[in-house]
Every structure is written in C-alpha cells, then in structure tokens.
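One chain, subunit A, links the two complexes that follow: it is found with subunit B in the first and with subunit C in the second.
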Partner chain A sequence: MDLRRPNRPVIGPKVRQVGFVTPDSAAATSSSSIPAVSAAAATSAGSPPSSLSPVMIPPPRHPSTEMSNPHFHPVGSYNPSEQILGSPPALSPSRSSRFDADGSDFGGDDDESVALSGVGGGMTPKSSLLMRQPVTKTAPLVSETRKRDSNVSKGKGEGPSAAPKEKLTKAERRATQEAQRAAKAAAKEAAAAGGAPSVSKQPKPATKPATQQKKDVPSGSGPLQPLAPSGSIEKKQGKKEVAAPHPRMQFDDMTKVGKLKKRAVVNQSEARNRVELFRHLPQYEHGTQLPDLESKFFQLDLIHPSVYQVGLQFLSDKISGGNARCIAMLLAFKEVIQDYTTPPEKTLTRDLGAKVGSCVSFLIECRPLSVSMGNAIRFLKNRISSLPHNLSDKEAKSRLQSDIDRFINEKIIIASKAIVEHGVSKIRDGDVLLTYGSPSVVESIFAYAHGIKKNFRVVVVDSRPKHEGQGLLRRLVERGIHCTYTHLNAVSYVMHEVTRVFLGASSVLSNGTVYSRVGTACVAMVAHAFRVPVLVCCEAYKFHERVQLDSICSNELGDPDAISKVSGWKDLNYLDGWAQNENIQLLNLKYDATPSDYVSVLVTEQGMLPPTSVPVIIREYGIERLWT
Partner chain B sequence: MPDVSDFILKLQRRRIEGSHATARQTAELLRSVVSQTRMPYTNQAASLLDAVRAVGEQLIAANPVELAVGNIVRRVLHIIREEDLSSSAVSFEGLMISEKSDDEDDADQKGGPVLSAAAVAAAARSTLRPRSLQTLLEDGPLPAAPSKSSSAGDSEGKSKSDKSAVGKRLKHSVIEAINLLIEEIDDCYEDISEQAVEHIHQNEVILTLGRSKTVKEFLYAAKQKNRSFRVFVAEGAPRYQGHVLAKELIQKGLETTVITDSAIFAMISRVNMVIVGAHAIMANGGVIAPVGMNMLALAAQRHAVPFVVVAGSHKLCPLYPHNPEVLLNELKSPSDLIDFGEFSDCMDFGAHGGAPLMHVVNPTFDYVPPNLVSLFITDTGGHNAAHMYKLIADYYSADDLVIKRKSTSSN
Partner chain C sequence: MDPPMDFQVVVLAGGTSDKLSPLVSKELPKALLPVANKPLLSYPLELLEASNLKNIIVVVEGDEAATQVESWLSVAYMDRLNVEVVKTPGDVGTVGAIRAVAPFLISTDILIVSGDLVSDISPGAIAATHRRHGAAVTALFCPAPVSGGADSSTSGGKDKAKKPSRCNIVGLDPTRQFLLHVVSGAKVEKDIHIQKRIVRAVGQMEIRSDFMDAHVYAFKRTVLLDVLEKENLYSIKQDVLPYLVRTQLRSEISAKKENSADESSNGATKELPSEDININSAVPSNQNLRWLSQHREIAPSSYQEIHISDCDMNKSRLAKKTHKCCIYLSGKTQYCARLNSVQAFGDINRDMLGEASRITGYTFSAQNNVVHPTVVQGAKTTAGGQCIIAEGTILGDKCSVKRSVIGRHCRIGSNVKIVNSIVMNHITIEDNCTIQGSVISSNVQIQERASLKDCQVGAGYVITAGSEYKSEPLTKR
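Right after this comes the complex of A and B.
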C-alpha cells in the first residue's frame, strides 16, 4: 500500500503475537535468538519452573525464584548494567570504588562485597569492549548473591522468598512481632519522655521525634506512601486492601505550604508568573538554591553526605530517569545505613526509620519523588521496621544493605533484563521502531536486538527542552544501529513508516494510565491514529495503586527559564525578560498521562500484559510482595 | 522579464516564504505581466491567458509547496476570463443598441438587450465552470470555448478602432480586478477577525500552535471587544515561532502561557478551543499546516475540543491532495534540530558503506485530514470542511485546474 513501508520478508506463519505469549513460542524465540552458550547454560540450569514464562499468573511465585534464572543473562555484546544506569553515570567511579572499599571494610561479609562489586562495576563508565568481561562475570555473581541471600534468610525463617506454606508462620511471626514491638514502644515512650527535650531542641527537621517525622513524609512526598515505622504498620497491612492511597500534598493549601516551608532545608524561592492551573504543584526558581545549598554543606550535619550529593544531583538534573534516580538514592541510603550507629537509648528500627525519613524529605525538597523512588522507600522502610529486635547493629545493617542490593538487582537490573527478553521477541527483521526521549529499558532492548543481529531501524523522536533523545541517538549510532532523528511535531510524518512504538514509563497507574515523560502521550496518540502498536516497557516496581485521568492533577513543573532559552537558536530571544510581564507564563511540564487505550501492550518482567491488567498485578500478584 | 526571473529566483531560494507574502507578490507580478503584455487585435483574452499561464507555470515550478502562488495564478486566470466575458457582454449590448442588424451573432445574443451586463456576466460565469457531464464532453480540449467564440464573433462585427478600445478596456479591467485581489489579500485579516467575537467568549481558554498572523489578528479583535480570555501558545518546533506570537500577544495585554509542544496532550483537556492558522486549504477540506498540527488536531479530537482553522481566501487551493505528507511537504535543514558540531562524526558517509547511520528528518508541513477540522473561518465566513470544495469553486475556473495540474506534475 505504502511504498515507504519496506516489504518485510515473511518469516513464518502469520501468527499474531500480541498479549500473552505462550511459553512455547517464547522458548523458541529465546533459544533461537540467544547464542548457544546461554542456551546450554539454560539447559544446565535445567529445572522447568525456572524457564521463563512470559505470563506468570498462577502460581504466585516470588520474583527471585523467577529472576535468578541464568537464562536471563544475555551473553552478547549487550551490556546490561551500563544500559540500565542510563546516560549519566549515576555515580562517579571514585564513588563506586569507595563503595567497594566500604563493603570490604565491612567485616568480611562475602555476600556484601560481591554484590557491591557487581553494582559498582556497572556504575563505572567504561567502553563497551572493556565492559563485556565484567558484565558476564557480574551476572552469575548477582544470582549467586541472591541464592546465598535467600539461603541465609530462609535459615533465619523470614526471608523474602516466603513460600506459600510459610505464610501461616509469617502471620504468627507478625503477631509476636507486634506484641514485642508494642512492649518496646511503650518502654521507648517512657524513655523518650526523658530524652526528647534535649533532642528536639535542635532546629533541624531530622531530629524531630519519629512520630512527627512520620507525618512529614507523606505530606510532602507526592507519590509515596511510606509505612509508619512502628506498630501501626500491622494495622495498615491489615486493612491495606481497602485503604486508598494517601492524598498528595496540594501546594495551593497555604497552611500546609507554610508548615512545609518552616521545616524546609532547601530554601527555594517561588517562581514568578505561575500558571493558574498548576497552583497545586510546587514550582521554584531553578538554580538559585544550588550555591546556597552547597555553602550549607557543613551545617547540615544531619543529612548524610551521600544523600546530600544525590540530592544536589537531582536538583541540578545530573541524574534523571526513574531507574537511575532510584538506584542513586538506594545507594546513598546504603551508605547512610553503613555509617549509622544506633544512638543510646534508641532502637535501630525506629531511629533508622526516622533517619531515612529525614533523608527522604531532603530529597523531596530537591525534587519530588518519582513513583519508583517512592516504592523503593516503601520497601526500605518496610524492611527496617520488620527487622527482628534481637539483632545486633552490625547484623541488622548488613541485612538491610543486602536487602537494598537485592532490590536493585531484582527489581531493576534483572527486571530490565526480563523486559529486554520480552521486548526483543516483538522485534522482527525489517521493523522500524520508534521511541521517544531516552528510556533506558528501551535502549537496552534496541541494543540487545542489535546484538543478536536483528535487522531493524530506529526512529528517535525528541523534544524540547531537555533533548534527551540526542543522547540516545548518539549511543545507538555508536552501536551501529541505523537511526532517524526528528522532533516531536514531525511524529505524524515519520509514523507512516513505523511498525512498532517502544515507550518508557515513569510509572504505570492502577487504571492503566501510563505516567511518563511529557510528550509520550502525543506519540502514543499519533501511533494509535496510525494503527501502529504501542509497547510500553516498565518494570513492575514502578506500578502504583493510584489512579489518574489527566496530566494536570499530579505532575511536576520544571524550570520555566528552560523554555525561554532555545538552544541552537541564537536569534530566538523573544522571551528574554519574560518574568517582568505578568501577562505571560511559561509552563514546563515534566510528565503526562497516556490513556490506557493508546497502549497496546505493557512489557514488564511479569510478562506482556494489556494495560487493564495493571490492577491485577498490583492487587493480586504482588506489589505487596515487593515490600517484604 | 527581469521581474519574473528575479521572483522565481527568490522563490527557489526560499527567500520569500509564507502564503501571504508569496500571494501578494505573485499578484503584483502578474499585474505587471498583464500590463506589459502587448495586446493583439484578435483574441485578446486568450493571449492574456497564455501570457499569465506561461509565467504562472514557472512560478509554480519554482516552489511547488508554496500553494498560494498557484492559487493566485489561477485566480488571475479566472479574473481574465470573467472580465473578458463581461466586457464582451457590454460590447454586445452596445452593438445591439447601435446597429440592430448583426446577423452572424444573432443566435448568441437573442436575449442581449434585455439582460444587464451583470446578468450576462453571471450567466457567463456559469458557463465558465461547466458542471454537467454534457458540457464537459462538448467542451473538449479547448480551454475557453465560449469566451473564444464570443470574442471571435466580437472581432468580426466590429471596426478596428472599436476593437483596440475594447482591448484596452479588457486589460484595464483585468488590472483593476487584480488590484482588488491584492486588496483582498491584504484585508483578509480584517474580514476574518471581524468574526472573532462570534467565536470567542468570556473566560475562554484557547490553544494555538506556532505563529500565524491571521490567528494573531483574530485574537486581537476579540480582545478589542473586551473579551478576556486566556491563550496557550505551543511554541512550534523547530522554529519556535510561538515565542514571537506570545510576545505579540502580551503586548496587547492578553494572558498568555507558553507551553512546549510535548505538553499539548496534557493541556488540551483544559482548552475550550483550538484556533490555528494554515498554510493552505485543499479542495477536500484537508489542511496543509505547519508541522505538528496533525498531532494537535488528533489531541483536540480526542478531547472533543473544536479545531478551528482561520485562513484568508488566498490559501484556498483548488487541488485535491494525494499523499500530501510527502508530496506537499518540504524537508528543511537538519541544523534546526541538531548541532552539526556535536553529531558530525555520526554523519560520516565513509564509515558504513557510503550511507550514514543517522538521518535527520525535519519536515515543514503537516497534513490535517478534513475529518479532524471542526470549522474553517475565511473572509467569507465560517464553513464546514465538507463545503470547502464549493467555496473554492467560486474562486477558480475548472479549466485552469487541469492546466496547472499538468504543470505541477511536470516538476
């Protein structure tokens, strides 16, 4: 019909592979696509349940059993950890080496140092040739770590890999824990009555008593709904099936904003000429607070330097992208835990929870949390609060750190690999794939597909003001993938020749809405109008039980000055000094909500799902499992 | 003619862009062409038509995407035909009154004395646009059969001095009509913006993309009538003319918000009406518009927001589009999108078998299909997309379409 659409050689019988893919076909594609080495590895791994089934509805298994499959680790030139960590190296090499040092300092714990070197190796930006070896090494190590990890936790009887039969014991355990905790809390209260005044004298928010901190975090946090560190968690878990997500902070509520300002560390000045429609979102003048914060470095003794560093990186947009931000934050928290010592007359579970909470509120002040970060924080707090009380500090800390590593590996790195595996199965020879912005998972899909010699072309669509697509374009071209680059407005021009659209997501909400980089909805809409399938790639840890219908109720506002300055157009300075005129406002939205009917399929590590299945994944299969 | 070659060069080098500028300059050029044409004694209208057509072909070939040029050429051709008809009708009338014994043209002018010149012109106009199959078949290949026969009859029945007077009159009236056309092109903004108050009411939120003078005047006019409303301006990559429009709007005290193009879908749910300009309106009601418009129209359709296109009549194109995204489009330099310095190594032709791995696509126009457009507002009022072909037929004669289509296909 259309001459511009290249004729694709017919590969096999025309079977439409949308939605659920049967295990057979998945196995067939994977065995055909992956070099013999990995196939052999897969067979040696051997056990039928460990073979990847794209849809894992019944029986509910723990992701770790699923993910620890060596089958997941591709051998080709594809370089997973570099991919996942996205464009900017999340941390400097020196930092990651510091991690290593820390890990080895930390009392000869084998698990720990191994996992650390795995992650740290991924962080250091090296050329792909150099990286190949470390990565192939890393992958087994990671799985090994997890195995040991699970062994350890099973031995202690409260591991993450809670088999169904353990559920009863879990409930029992919970009951005993609650009793213990109630007793301890009571004791603490009594102790705190004496100790509190001296602590609360200090002006910084971090020192506020835990109960107040507990209130702080949800009010400012946006997406996350942290679980309370102490006894109330049990209650919450009991009724969590019915509990609606906590309402988010509305920034047009003056009293609340006043409260928030009082305890803010980052003194941000409100941007001028606010858009009326977005009064409920925070908008600050960009860049002004950066030098201020830097000068305050030595006064903010309560914020751990690594959190501080990550916060500044968020603030200056050095780290962006859901996965990269989440990993950076978790690694910072790991350092916090590393350097933590329980103060006298306090318990680790409560005090560390409060400490993490204060770090989180600092990060929120730097930039509102993404859903992925919110979920990660929820996980961490849950882990902290469910630590048994009889553990020594050292033990508890090492356990938490390994939990964090496990989260990063399972929920982000290995999940991405699973998504890559699924996504590649939807790329045929001769395809023209379109992507928007610079989603890290989609980039690894392309890289992997190219690595297994699929013949395809990529259209990179980009938009102002961040031009993230240029980075993606550069990386893809360096890999030798044929690319076409264009801007968002021309998307309906290029859509004629496109056969698949791969998009990333910041979060997938319970009604199937895909909350993602602004402009994603436009691309999905045009693809829908041109009858091109839209595949949204998103790790399941980014799912959230919230619902959203439009992009206005919840969003994030960027720096308005970024709009007035057009890079590359020296003569385009019509909007200089716009802030003087009160009639003009510049709106720099960061996210938008793609309605679920534009999404053909959602590629997650749980399989390929229709967007209507998101609540099923959230409610029935396991977001809760994520937190334990 | 030096003027012509100069203008062609400008069109080819894209020195003149934008439908208003090109339309106006084309009309001025054709006026000078008409005035410089030496009028023969016989068949004056045909010679004028030929002269204009010859120049017009070159102009259209110089920049085929600038549809306004072709529109104006066709308009001028149409004017010549009409003026010829009406002048011949006047001369017939004069003939009938002065000498009542003209046997040869008898059949043609039976009703002549009773008809006024205007009525004859109206009747002739209908013959200019043959609609029925029969007239199509009878007409055959000759483009202007009725006018030719009438002018031939005219020439036979008249003395030489009379003829030169008629010729001068024809030329004169054609030039007059072209002047009117130029005036119309200049005044279209006023006619369109007069209708603004009918469409924009208090507290409305209006979204527009890029920069269009017609839209600007439309919004100004509503503001002058003391309507207070809010305007969202999408900046319109890759040229970001939306910034210019925003600056112009705030000078008139309009509340303006500049949004990125990517935020269109996010914001359109809070918008009451989308008002945009166009590059050209095709005969099927489709719109050739600055790039990004199709996306905006789709978003508007999704949220049931009226999508209104304002355009002067010089943008009405009598052609039907075929594959307009490709054939009626123009790809601009990649330097609008990327920095050559940064990506020069990716554009290496030597590295990968002669073709670079990277391509940059930077189209200028977008095609908005007619079903996405809620309303057209031209200087003659509001119109439905399905009605555009009829409106367009008022401005052009069917014979010119065929000729021009050949010429456009030849380049």
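Right after this comes the complex of A and C.
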C-alpha cells in the first residue's frame, strides 16, 4: 500500500464527520491517548466493542487519533485492490502524541492543511484493525464543529482560550448570528456597489455565510453536524435552493422562521406548545395545512401538478415509507422534466435545476424530506448540472429521465432484490423472525423466504399510533406465513423465542447509527440484551455521511393529536383540549437513532456489512459516484 | 395554453329550465337570470376566476340561449376569461352536454360545474382532494338547506311536496372521504338497497340524507369518456355518479387506459420480488413504479386495505379493478346553493342580501344596502336594510323597499311597498301597489293598486289595476 499516494481531493469533504467525539471523555483521556490507541490496535478487530448503554458515549480512542491530521487520509483512502474492509494502517504512537501537542490550535484553524506531514511515514499497516478501519481512515476529516468540540475539550486541559465557547448561551449565539447577518448584508451591498454582479453570483454571498454560520455556532445539542457534501455540489445546490428551507433549519429561531413563512407556499401555523427539547424541529398545527393547500390548488401555477399531487399525498400521509416517497417524488420529477421547456435566454441546466429546487422546497413544506429523498435529489441535481451544454432540450430531457429511471431501478428496486437475496441466506429452517413496523424490504425477504419453502415464523411488533404492522401482518398471513402480532410494550416477552430480528431503516449514518421508525432502537436494544442478532436491511442509497448520536437534533415531529386520541375509545378523553393547556406538551416523534452497537449486521445490496463500514460504502458507491 | 394543474373546466349552463318557469323564458335563459342583479352564470364564472381558472367551456342548451349567453359573455368577460360556448340541442341532459364537449377535453381531469351554483367553496379544494386520492370521481356535497324559518314565508305549500323528492341518500365511510352509496332524490324508493360487498369492505357506513349534491364533479377524463360510451345515461347526478359508485369495487372501466391501470394498482400488493422485476429487463414501466410507490400508501380507512386483501385472496393481479369515488364535504361556514327551483331563486336572492352577501361582490352601505348613485328617490321614500337597487331606477314618493332586489331602469310610482321581493329590470309599477314575497320578471307592468303576494310573474305580463293575486304563477299566454 502506497502511503505516499497523492491526495485524492474528492475524498476530503465527503467523509468528514466520522468518529465519536465527546468533550468530556476526550479531555479526560487526552493525556492517556497513547495507551488507548495501542490498546485499540491490540484488540482484535473481530471482537465488537463491548455493549454500551444508549446514552453512553463510546470510548475516546478514535477522537484523539482521528483529530490528528488531515494528511492521514491518503493512507486510509480507498485502494481498489483492497477489499472493502481491507487492511488498514495503524497509528504510530508518535503521531498521537504529536496531536496532543497541536491540539490547541486545531479548532481555530479551519483550513485542513495543518502541518504534520511526514508523520504518516511512521505508520505501519496492521490488518488486525479490520473492523475499525472505516472509522479511523476517515477520521481526519471531521467537520469543523467536531474539531471545535474536541478543541473545547482540549481547551479544558490546555488553556482557557477555547473554554468560553463551550458555554455559548442562546443569547450569545443570537449575537454571533446577528453579527454574521450584518456581515452578510454588508457583503451584499459591497457586491452591489462593486458593480454588475451577475445574477447567478448574487445568491452566493447569501448562502455562504449561512453555512458558515452553521459551522461556527455549535448547536445546543452538539453531536449532530449538518452534512457538508463535496464542495461543488453544495455550491450549486445553494444557489438554486435559495428559497428552500435549510434541511437542518432550527425552528426555534424566530427570525428565521419568520423569513421562511414569508416565502412559504403552504400557510402554516406553528403549534403553540411544543416540547422544549424539540423546539428546533418544525411542528405545525395539524389540519391547518391541508385545507389551505387544497384551496390554493389552482393558484400555484409554478408547481407542476404531479409534484403537487405528491406533496398533498405526503402531507396527508397517504404515501409514507422511505422508498415509496422517494419513488413517488422521482416519478413526479420525471413528469416535471417531461413537461419542461427551456424558456428563451436561459440554459437548461440552470433553469431546470432551479425549477427542481422550487419543487423540492414545496415538498419540504409538505413534509420534511427523508434522507433517501435528499440523496435522490442530490443525485438528480448533480445529473442536471453535469449535462453537456450542447445537448438539445429533447436529448437532455430524455437523458435525465433515463437517469431517473436508472436510479429507481438500480438503487431501489434491484438493490432491494439484492438485499432480499442476502437476507434470505440468513433465514434457517425453524427460525423465529421478529420485525418492527412495516419495512418493505423485510416484507419482501419474508415473502421470498416463504416462497422458497423455508420454514419459519414471524413476530410482527407494532406500535401506536400508526399501526403500520397490521398491514404487514395481513399481507404475511395471506401468504400463509405463520405470524404473531404484538405491540412494542411486549417486545421483551416475545424476544425469548426470537432467533433473528430484521429491521428496516430510514437511513444509516456514517457512524453506523440506524435512523429509523421510532421504536426501532427499543427493539434493537431488547434484542441485544437477549443476544439475538439484529439485521438491519437498508438500501445503500439511504446511507448518509452525517453523524448523529441521538435522535433529538434531527428528527420529525408528527401530529400530537395522533397520540392523544385513542381510536375506538371514546371515553378516553382526558387529553381533549390539551392545546389550550400550557402545562401539557405532547411529543410524537417519528424517528429514533439506534446506536451501531446494537446492530449485528447491515444488509445492503453490497453485501452484509458491519455498521462501521457505512463510510466506505458512502465513499465508494455514494450518489456522487454514480455513473460519473 | 395549458390548463392549470391539468384540469379543464366545463360549466353546464343549461337552457330554459321548466322548473324555473315562469321566470325563465326564451328571452331569458336560466344562465342570465339575475340574482342580486347579476346574471346567474356570473357566480360560477367568478368563483372559477377567483381560483385562477380562466379557460372555461360553457355548455348551453338551445340555439337562442346559446347566442344570448355568448353575447353576454363577450361583453362581460371579454378581457378576463377565455370562455368558449358550446351549444347542444335541448333536452339532452347533462350527459349529453358532456358528450358534446368531449372532443375538447384533453387534460387529465375534468371539473364539471353546474351553471346554477352559487357558492364560495373553492373549486381548487375539490380538485386537490380529487388529485390527492387519485379518485375516478369526486363530488361536492354540501349540507342541504334547511327549510323552515326564513323560507316558510315563500311558497310554503310547495315545500312539503318537493322536499322528500329532493333529498339524496348518501353513504359515507367513517372518515367521510369516500362515497359508498348514492341515490339521487328522484330515484329514492321506499327501500334502500346497499351492496353488501361495499359494506363489508368498509366495515361501517354512514348514511345521510341531509347532504345535497352541489353538482360540482371532478372526473378523471378517461373514466368520464368511458362512461359516456355507455348508452341510456342521461344525467350525471342520477345516472353516472350512482353508476360509478355502484361499480367501484368491480370497475369495468377499461384497464387499457393508463389512468385506470393506475387505480387498479392499489389493489395489488407486492409479489415475490423475483417475479417483480426482471433485472435484465429495461426500466420498469411507469405504471409499475407508481404501483410500487402506492403499494405503501397508508389507507386512510380500513376500506382500501380490505380492497387489498380482497385482491390478494384471488391471487390474481388483474382479477379486480377498483376505482375510488371521493366526496368533498363543504364546511358549515361556506355557502353553497343551487338555483334549481323558484323557491331556491327566492332563497338565494335573500341569502345574497343577507348572510352570503360577500359572494355578490357589492359593498354594502352603512344602512346595509346597495343603492346605485343614479337611483332617484322621491320624498319620504325609504330603502331599508338588505336591499339592492340598481342604476337608473326611479322611485316615487313615500315608497318603502325592504329586503328586496330592484333591477335596472324600473319606474316605481308613489306609495309602493316592496317587501321580500325580486323586481327585475325595466318594470313599471304604478302608484299604491303592494308587492310581497314575489318575483317579478322583466318588462312587467303593474298597474295601480295591484297587490301581489307570493307570486311569480313572467316576463312582459301586465297586471291590471286593482287586481289581487296570492301564491300564483302568472305568465303571458
């Protein structure tokens, strides 16, 4: 393996946010990082990390090494001759210690090219680290905040300079934002004064400070960082999506919410009493959006009918589930492209991109995007912007449409077929399989396994308020599969007899965290406690480079009424009129995050992988790499 | 120009309705009947215009009526709307009218609006509901006007005779989104026959008789054209809608057409993946994909889910065809009425003056009335609240007008009392007349000391001096 191989620039920003960093633990052990690393190297890769409670943060061996140096990444970068889990390098102690010395000025420096070149020479590949590899090799590219976090933690030990940052209050944050906003305005004015800023350039100053601001202000909940996809795409998207709310917009910032409202298509009234911890997530009064949107049906000329239809169906929950929503959206976009004609004096790549952007922002207003949809949109925009300029409208359109078809076909349909094949190989005769909710891929696995005469039993675990499991149950029973149906509260009782747990996922994040229907984490933990293997089935297009340690910072809030009302129980009306009562706040979360420790294996179309391999898949088979 | 949102609008303006005689005649087709001094047809047209629907097809029965409507439209909406008038021979029914415009229909969905609709319900909401469900047909139903109270003053006797025949029987699913059963008023018999399979599929059906079909339908074009091919259908309300509702679980609408194939997709569920997609095959067809995405559609009621299971039981994907019939129920605060009888004419006029005055677009003065500045009022003449008096009308001394509509260029003598009445254009009323609860068509001459109560006077009629009429329709022979 050539350690000195030149940098591959693409890798840089893409795989940045990996690794566990917690201020406290890092600080506590920063001095002892050398033994920790060597210990990590010593432990064989095969043994999974010891079980952790959901709130516990994994040991800090990675952070200390990860933080060290961007120049490390050529070493770990993918070598085609390697296998996915190919031999990784180990860290030399000298390097880690070097890091400790440099740590203090680290966070302040956003430029990744901090010195420390030549350190890589001290590394020796050690294949014993197999399972660790994906984490370590992507480690140097942690996002700014991550670094800042670590910096903060370092700061504790090494100097007071960074310490205050740790305790940014809301007011302070507001202040920095205000300052940035002023700077932004000034920049804009300057640009205007500078004379003849091209139309395409103008949005740039608007978006750039925004992203920067995001980076600079550590969000209260810390661990999550918004994605920073590879630069060029980010910029392009930024330009077009000026109107779209930022996917990670903080909805507790009143000024931002106000701005968003002004340009919103859907007239939304915010729910009044929201749970404090989740104020940053959008929540609207249920039942106000749909009639409003419906009555404006003919006024919204800009939005294509099929997009409108899909938006309505998202809003009324008629289409749900990652794959279904993604397919529905892509099909709508296909029709948009079909009906599109380039206006005179515009180029297709720019104008169509903007048009898709406006459709996307409409869909976001209807319901926040799922990760799968976000990835699909990124792919589509990428394709649009990479179209050669000399193509005729017709050619360009047909090319885009076939791209969409290929995406749906290869990334969703064939992928799920491959997953089914992999998944079925793990079903043995006499197995008792448990699933939660109604994951489509898992359903296909069961159906296929039943079709090839495997003899097994299924436990369908369901939960309020959506009762999605009932649909699955009905379909399975109709196929003649022996089923048990129970609710989440009883999962610990049924887990005794279960031999495998198959779960679906809305997304798998690059630290291996499975982001899925709320309740999935619970099932996975119970399974873990009972030493039942947990197989998470997820198409690779749902992988995301983000890192998330909890389900607070990024989530979706459902209709609170859905949990306050029990259907069929008219006398259960204790919560009637709760919206008027300041003392009651209902929380209906839609997703939760399952730490990777509870996932035995990820079943993807690329095979069965440990959850730690997600970054590799993202890097090597990610959306950007598709047919380029 | 593309129709917005892929919807085309057809307004069925009708011709010279028998039900509305003596108010409607060859000179005055129903579409131009003044309601609060505006032609009836302007209400649906303005409603559509407010929803940004500017390309409208208007179907009119009869040649003369068509010419009149066309000439009025060309003046009134010349630069605002793009209206195309299509004429049909008289007495072909609503289905015949649609047949006449069928060649013009190109968009995915068609919105059919009755020309006698006076409402403020956004057509967009109906269209959006239609789209959201991907329904074959969506109908607007509104709470039937409660007769009694205010209405009892007018033609109270007729009320009883008419009412039972006009109520519809409507079956709804528990979520009130789907139309499961419909019998229109004329066809209601003593017994109601409800299909067992539908009830079985829903589990629970709510049967209501207090909803009125507002004659606003959103149809999928393919479905509509399919239905039109069938014979012996006459009216949309009485034949087409019940037919579609009846057959929603065993749709006979041809599956060849893309949209209906789309509907059937709901029924099918995912099969074994191996059959599902052949890897080597080209990109799966659009329908197939849509089917995939809708497979996961969460049914709003148990209704659809049972569809699914029904189909699964048969194990054949093509065995069952279903289509959805949806319903849009108007809210309580929204106004919706159809002008399809003399009584309704009176009611709607009154509503325009009172509770639903917002629809008219007039601005009411402090006295809660609309008096055109050109109106000449004699000494001691009072125009009370809830009145509309149009331009050029001359009122003599000591007149009193209450809760009435008076049209253009009427000459009203002294000491005339007009209460609760509708007086159209170019009418001469001589001194000392009393008019109460009546409708007086254009060009009528009412001579001295005549007294009218609850009468409908046809156009051009002359009421002799001193005569007294009560609850009579009066027409020129």
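In this text, the second predicted complex is superposed on the first by the 374 of 628 C-alpha atoms of A that agree within 3 Å, B and C clash if a C-alpha of one lies under 4 Å from a C-alpha of the other, contacts with A are read in each partner's own complex, and residues count from 1 in each chain.
Here is the rule we use: a residue touches a chain if its C-beta (ideal position, glycine included) is under 8 Å from a C-beta of that chain, and two chains touch if they have at least 3 such contacts.
Predicted, not measured: the structure shown is a model, and the values here were computed from it.
**Q** Looking at the overlay on subunit A, is there a clash between subunit B and subunit C, or do the two fit?
**A** With subunit A as the common anchor, subunit B and subunit C both fit in the superposed model.
**Q** Going by the contact rule set out at the top, does A:451 touch subunit B (first), subunit C (second), both, or neither?
**A** In the superposition, A:451 contacts subunit C only.
**Q** Tell me which partner A:402 touches in the superposition: subunit B (first), subunit C (second), both or neither.
**A** Touch status of A:402: second partner only.
**Q** Go through the superposed model and pick first if A:563 touches only subunit B, second if only subunit C, both, or neither.
**A** first
**Q** In the superposed arrangement, which partner chain does A:474 touch: subunit B (first), subunit C (second), both, or neither?
**A** both
**Q** Of the partners subunit B and subunit C, which touch A:463 in the superposed model: first, second, both, neither?
**A** first
**Q** Once the structures are superposed on A, label A:414 by its partner contacts, choosing first (subunit B), second (subunit C), both or neither.
**A** Second partner only, subunit C.
**Q** Which holds for A:320: it touches subunit B only (first), subunit C only (second), both, or neither?
**A** Second partner only.
**Q** Once you lay one complex on the other using chain A, what is the shortest C-alpha distance from subunit B to subunit C, in Å?
**A** So the smallest C-alpha gap separating subunit B from subunit C comes to 7 Å.
**Q** Name the residues of subunit A shared by its contacts with subunit B and its contacts with subunit C.
**A** Correct list for subunit A: 474, 478.
**Q** Which bits of subunit A are touching subunit B when the two form their complex?
**A** Per the touch definition, subunit A meets subunit B at residues 4, 275, 277, 462-465, 470, 473-474, 477-478, 480-494, 496, 518-519, 521-522, 525-526, 529, 550-552, 555, 563-564, 566, 568-569, 572, 574-575, 581, 583-589, 592-593.
**Q** If we count contacts the way the header does, which residues on subunit C are in touch with subunit A in the complex?
**A** 4-7, 51-53, 108, 122-125, 127-129, 131-134, 269-274, 276-277, 279, 283-284, 286, 289-290, 292-300, 305, 308-309, 312-313
**Q** Spell out the part of subunit B that touches subunit A in their complex, as residue ranges.
**A** 235-238, 240, 243-244, 246-247, 250, 253-267, 269-270, 291-292, 294-295, 298-299, 302, 325-326, 329, 334-339, 342-343, 346, 352, 357-363, 366
**Q** Contact residues on subunit A for subunit C in the complex?
**A** Residues 291, 293-301, 305, 308-309, 312-313, 316-321, 323-325, 327-328, 331, 334, 402, 405-406, 408-409, 413-414, 416-417, 420, 438, 440, 443-444, 447-448, 451, 466, 468, 471, 474-475, 478.
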